[in-house]
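Just so it is clear, A, B, C and D label the chains in written order, and each chain counts residues from 1 on its own.
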């Protein structure tokens, strides 16, 4: 089995992106018998998806997991749902700032992750890594890539599993920004490794309580 | 024109539900030429939707806005998207606690609000009421009703507009619970009235920045 | 009996200060048999205390309560302790930005409020107003005035009671600033009135749990 | 030179205390030419201070730094001020729950840390460790030990420097508790080591902006 991981280049004025650092660390590893490769995505609408589609064609993975920075979160958060909208609070790295545009005019309003997100959360918590399900991936390039990925996978007939995981700032970012939660790169990588193992081995997701009241 | 508002009975151990209090205050009013009526929903999956469907049949409204309590939020938040899942962190008022069940097995993964959510946010902020778009209505009974409402409206051909608005705790709740943001009933009602006026009068939603990075 | 309330002029780029608005509303009222007067303080080190000292001389109050805006707080918070330091994260309204200066070189490291802060919190919560004890008034002009007030009262022999109460943003401020908790002016005024009644009538503060772990 | 570090036994239902784990890791190290020893304190009023006083007599340190867990904080936070009050929101490990008791009836209202807290914060941030000054150590056993320590040092004539540093939860705690910020033990230890080096080498604290508005 093969896993393709993606991480974004830095954005929003940050010199580093924890998602890119983390997926680089996992590149070349074998997780639950599956080999991991990675690909760096530009933090730019459309271009990110072009690069992703090419990487999928090159690697021919069984599982695709895109990873992104979620400044302000305390946990590693597998995302439940990707929504069909580009509504950018800030400009992407090419200066695009779409407001309430559809990503795929012909596509559905949303796609569910096809990863076992509850099992991934459990696997991370068992390792002592703070983790929880997220019900929104935002409306910026992270959601754009998540929705675009699921759209690609759906058009192929969903023979590959795929989804998105958000991660916190690194300590070095929080030290600069002030007042933000963070997670060390080692802890993020340990969490992602446990999550990938669950993604590869769990066929039907665990029925565990993990929703949100609102 | 006619507006149907819904509010929930109290849940989660609270003796009061700000949504129910707020919609009662608006009942019988005329907003932007539209008459407002309200209906109380049980905080119970399926039963809430049965009651809602009956109220829609009785009132025959042009616009349906369901309102719910979002403990911990600071703003009045029109919801962007309803998702096809029941994943209850706590039991509903009949003791149901579904985990990762579909609401409508034949339904799409999500429905977008058909209300002009950006215009509603702008109208509230102009009145000095804290407001912002939310990209998740959670996975409890609020989202259940929001998704169920949009499913009903879609099956009718979307001749009525509909959506969901979450509101903060009341001060009296925060005084008991401790450490929670709140909003006075007067402020909530003023905000909802401005939001309803926008819902009735704005045909195409404003293209205003109001997304979330994640 | 006479109560002197103080409120600050707006600062930090805000066009309004909820503390000033609230104390104006209470000016001229009789609370628990005590008459309330108010005085506006400049948000400037030393000048604020000169104005305060003059107002105390003019009014000859039994109780002095200074009120200030605490952006980001959810509750009305009687302060427990004033500390002997000026350490300004932003400039005051005259452009002063002292760092780690003593307010009174000859003064103690801190003064305790001589108001019955636990009784004040209880009185507010009974009215349904979110309230809690705070253990830090910060290190800006609010703490400067709180410390300076207690220093004045101590030098007089503590024949007057005095202290400080922080209050949240108004909704109209939160609507502009985004993502901040707020409290309506009516709710703040109701809370302060209940707190003042307790300040006037309670001789020995209630021994109620209300500390912080850290 | 000699540094004495203290950490607390676990409390509040937690099986681990990050402060104890961190000071154990630093025990026996040499930091900026100073040798580090540590002592475990019971999370019990008075008993903690008895143990601390004994350790000071045994070790005869030049610098004493007490370290404690601050659940909910994102940063390593040198404390500015210890206040003369025991006001416990929960019971200590011997079941004591004093409310608004003085720690030292004859003592001042507060003691300032005699550590260079701004220099310590700068040293940690330069290492990429999230850090900031805190203006309240709470009113539980952490503040009890901080105040008690400064009282001991003051009675000796302040020939030793001393103070308190709060640290966040460990990831393994946050994974259990849910929704809490955390910091890895390696990051905490790296931060404390940088902070201790500053404590040993910086005579007059840096005049750097680092206060709080409230």
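Just so it is clear, a residue touches a chain if its C-beta (ideal position, glycine included) is under 8 Å from a C-beta of that chain, and two chains touch if they have at least 3 such contacts.
Please read all numbers here as calculations on a predicted model, not as lab measurements.
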{"item": "Chains contacting each of chain C and chain D, listed by label", "value": "none"}
{"item": "Intercentroid distance (Cα basis), chain B paired with chain A, Å", "value": "29"}
{"item": "Chain A and chain C: spacing of chain centres that average the CA atoms, whole Å", "value": "46"}
{"item": "Between chain B and chain C, centroid-to-centroid distance (C-alpha), Å", "value": "38"}
{"item": "Which chain pairs touch, all of them", "value": "A-B, A-D, B-C, C-D"}
{"item": "Residue ranges of chain C in contact with chain D within the complex", "value": "12, 68-71, 73, 80-81, 83, 85-90, 97, 99-100, 108-112, 118, 135-140, 142-143, 166, 205, 207-214"}
{"item": "Residue ranges of chain C touching chain B (in the complex, touch as defined)", "value": "74-75, 124-125, 127-132, 170-172, 174-176, 178-184, 186-187"}
